[in-house]
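Here come two complexes built around subunit A, the first alongside subunit B, the second alongside subunit C.
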Partner chain A sequence: MLAAAPVPSVFNGTAEVLAMVVLLATFAMFRTQLLRAQVKLYAVQSLFVSGLALAAAVTRGESELYVLAVVSAAVKVVAIPAVMRRLLDRIDGSLAGHEAFSVTTAVLVGIAVAAFGFFAVGALEVRTALLPRAALAIGVAVILESFLLMIARTDVPSQAIGFFSLENGVSIAGLVVATGMPLLLELLFLFDLLVAVVAFGVMMRTLHLRSATVSARGLERLRG
Partner chain B sequence: MVLSPAAIQALQVATVLFGAPLVQGVIARVEARLQGRRGPRVLQPYYDIAKLFSKETLWPDHATWVFLAAPVVAFCCYLIFPLLIPVLTTYGLPLGYIADIFGSGFVLALAAFAVALAAAESGAPYAQLGSSRAMTFAALGEPIFLFVVFAVALITATDLPYVEAATVRASVAQIVRPAHLLAAAAFFLLMLSDTGRIPVETHSGTLEFGMIDEARTLEHSGPLFALLKWGSAMKQLLLYTVFINVLVAPWGLASTGAPGDVVWAIVSLLGKAILLGCAVAVIDDSFAKLRLFKVAGFMAAGFLLAVLAVLVLFLGAG
Partner chain C sequence: MAWLIALVLALPAVAAVAAWARNDVAARVSGAVLGAATFACCVAAAMVVAGSGPAEVTRWLRVDELSVIFLLATGFLYMVSAMYSAGLLAHTSDDVYRRRLLSGLHLFALAMLAVPVVNEIALLWTAIEVTTVISALLVMLEDTEPALEAAWKYILIASAGLGIALLATILMYFAGTVAFGAHYQPYLDLLARHAGTYPPVVTELVLVLAVLGFGTKVGFFPVHTWLPDAHSEAATPVSALLSGSLLGVSFYAILRYYVIARAAIGPDVPRRTLLGFGIATLLLAALYLLRQGNIKRLLAYSSIEHMGILAIACGFGAPLALAGMLLQVLAHAAAKSTAFFGAGALTLRFGGRDLSLMRGGLSALPWSGSMFLMAVLALAAAPPFGIFRSEFQIVLGGLSAGSYGPVTVMVVLVTVAFFGLALHATRILLSPLPPGVGRAEASPWTLAAMACGVIALLVLGIHPPTDLALLLERAASHLGAR
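Presenting the complex of A and B:
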């Protein structure tokens, strides 16, 4: 007879739900056409990542984790979305992203990719101290989904959002496997992200100045 | 005094039979209020059904007995379904175990099949269009239902609705586990599409091109049409009951046969169904209807939630 699946504790269940919302936000980015709505989704996603950090902080009682939760919320929920919005303001005329294939196809491929991520992590014997192991699997799935998002979209703003949400997946995985990682290292990651924002911003603007579009399609043509 | 299980079972059917139009009437009223209209009386669906029963039955020239039998078959299916799910009690009633969740799904599918067959039989273009659309989207909804059942089976090691409800009642940990929440959310999306709600369909629209479920019954009239209307109200309440009493809020059910408990169970079920209906009405008023080609994307979203529920369970957690 089939045995009932074990029940996670209330804390583990909640942590898994928080991580799952982050994954669902990545899937929602596939479905969202408007670039501004994508930025908003990214802010929501980051909020839940910070929430996960806060949950870890509360159970562990480490001040470093509190600092991390606050700083990551300030950077990823407030600062980066604000910068992205300003960048989008300057690029008038392009409100919606471009898709390489249809939303339904993207979601179905996304399910397969997420399943791969889940089982790949399930095969690893990773022991985790604080957050449940399922959260690690979900984090890896977020990373893979973000890759897929960057492939499925051909415009630079969507690809930038995909890259940022990839960093959110890395944050979740980092929280699970290395909760006690030195704060300095985590902060470095965040500043890395700021560099990426600047790089994507420059790319968006140059592309827009040169070809009056943010679609990366124009970069595929060779010019002699 | 204690009510016998058979009496309670009969009461389950009666609750759904006579409560469904009331729930529908309240939802219609709330919806009208949200749109700034006064709206019909809460009891209007009862008057509509009574009026239709006193009208004569007309049918298309070339229609056969299938056209006339289908509404009765569908109605009977909706009368059988409440025997199989926990409508009023926490414990299984005598006929409660004759079918599991799959079996109950088949009963609902048979009803939908009968109505679709009658629509095809009528030979009218709009009815046929509705029936073909309804069948197409039902086929897309099937995998969602399957994966929700798989998730429930992995959580409880059975596929009996009573056991799932008992599991949810057992502890907070069972409620916040992601598999349960994802499966419930997937079932909610399936319920929206099966009850003909936005974002899949406007149930109150009069434009045939946008119709799915509503278009199937365009050729029926008189008592048979009354049965179809009543049946669709019952289907709505039945799906709400599964959502509430199996997945989301299985509280307020009678755990003994005491008449007071059973009456309270009836009142609380109708109350919860009306609350859920209000939530659905708010969704109805805050979103636009999807273009027909986008419905597949909506179904894909439901499928995603249901598959993730099963995947999380396979991770050994969730």
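Presenting the complex of A and C:
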């Protein structure tokens, strides 16, 4: 007789669904041409990451996780998308992103990369009491997808969003394996994300002032 | 001790504010003076640690024998870069550029000085991420198309690398939960002391992610591609800080993870990992050094070469090799700053960075040309300079550890690099001066900054101070040498 598979708890199921939505939002970024739509997708992705933090907070009843969920939403769902939209307003001629290869190819490679990340983490013996291991695997898949996004797009705003999305993947992994990390340190990571926004923003503005585009295709003279 | 560390972090912050002074002379000179004062504090901190061992300011800020070596290198680089900038910006009429470059330089130094002082894995990552943002903005400040391209590559590649390092940081925290429970402060010394209980597979993963992630900032192959571009397109004092110090403090972060991994899973995997990255990096750099046409790119590849040597030395794991590696951190900082300042003087004299433009450098710039020659010879590991001593120790250490194959490969590749550097240096310095190019000399600030580097190289090569030798020996023991 076959043994019955363990039934996942409501919390585990919720956490897996939230993490999966974050991964799907990353896939949607591959399909989206418009830069503003990518910013919206990033906001949605961040909302679900903050939701995951909230779910963890409810489960553990820790005030620090509630604070983290609120600050994460304020920074990643509100502040960063607002800054990005403001930057895009100033470069209103460049609303569409630039791709290094076709959407189909990017999505197919993305599926392969996500599957690799998912099964590679599955092979690791990482056990944690709070969140399901599948969420960690999905977090790593989001990180790999974000790398691919940074490679597949050749315009600075999309690459910046790829980097911010990468941080969301790390946030999911952090919620799975390092939930007890002191709040101050978690906030430090968020502050650092804001600093990175400044660097990408200055880059975007300087490039646009110089060449009236945010495409990085012209930046191919130096050879490493 | 607490006030020394406070001063090390406060003085560059004061200098960054002073850089916005309306009086140009006050802004430049105050930067140089505060830079020298910061280095003096670093030396004093090193002497305290040499005398009475590791010291804590709070649990968040701690210096031990390993961290003061990197503090000394960064403090020295900061002092000479501030001196050089005082001369470089003397004739700049663009006040906005001067203020931005000077304040950015001081803030960049502050972030780098914070790296060896912090005692906590998340703070370590944050300090290194801040160095990326500030230095990328400094590269962009040059406002040329190549500088913009270099800054873009730098931000993109370094950010991606630091994303990997962030994952390593979080997994390190996870590994620590086995010993400390879900809630704890991940202090570096605490993590290293209890490493024996961490899960081996996770610790191995942490090590590889940390080496790859922070290795992006060190310039390890294959994630080095931003480095020659950023170093060659930045202003000269920024190039010197990037090359002589930023790579070093990023390597320091790897060493902290190496210490924990070594205690958790034994020496084999950490040593093999660093040996592999080191040899691949050294091979790439040695080959590229032969075919460079740009003086600053030549020096950037030399930095990659030296980072490869540091990783190899760590891979040998013998006490002598580890002490040599730490001596190399100091000597490389001194040599690379002097070389970049000389390259800056040559670039100004010949009107470009192209090596084919430069001929008769010693005749055109007798003092700075001579010191540039000494710095390049030092980088090529010629006696009697510090790098000769450090590489000699590394090779002997490798032989004592029985790593005959890697030692042979290292010696061959260092010899190739020697020929690359020596060939270019003799061409640009010892050839006859082209007609129409007059003799002149760099500013006294430049000469003073270069002289500091040469003196440091000679001291480190001929007779390192006793306290320093003691520090190097004890720091090597932190890395597992017994």
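The rule we apply is simple: the second predicted complex is superposed on the first by the 214 of 224 C-alpha atoms of A that agree within 3 Å, B and C clash if a C-alpha of one lies under 4 Å from a C-alpha of the other, contacts with A are read in each partner's own complex, and residues count from 1 in each chain.
Quick note on the criterion: a residue touches a chain if its C-beta (ideal position, glycine included) is under 8 Å from a C-beta of that chain, and two chains touch if they have at least 3 such contacts.
Small disclaimer: the values here were computed from a predicted structure and weren't measured.
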item	value
Touched partner set for A:Arg31, first subunit B, second subunit C, both or neither	first
Which superposed partner A:Glu167 touches (first subunit B, second subunit C, both, neither)	second
Subunit B versus subunit C as contact partner of A:Gly13, first or second or both or neither	first
Subunit B/subunit C common contact set on subunit A	none
Complex contacts: residues of subunit C adjacent to subunit A	120, 122-123, 126, 129-130, 132-133, 136-137, 140, 143, 145-146, 148-153, 155-156, 159-160, 163, 166-167, 170-171, 173-174, 177, 181-186, 199, 201-202, 205, 224-226, 228-229, 233
Contact set on subunit A toward subunit C in their complex	124-126, 128-129, 140, 143, 146-147, 150, 156, 159, 163, 166-167, 170, 173-174, 177-182, 185, 188-189, 191-192, 195-196, 198-200, 202-203, 206-207, 210, 216, 219-222, 224
Residues of subunit B defined as touching subunit A within the complex	153-157, 171-174, 176-179, 181-182, 296-297, 300-301, 303-305, 307-308, 311-318
Complex contacts: residues of subunit A adjacent to subunit B	1-10, 12-14, 16-17, 20, 23-24, 27, 31, 103-104, 107-108, 110-111, 114-115, 118-119, 121-122, 132-134, 137-138
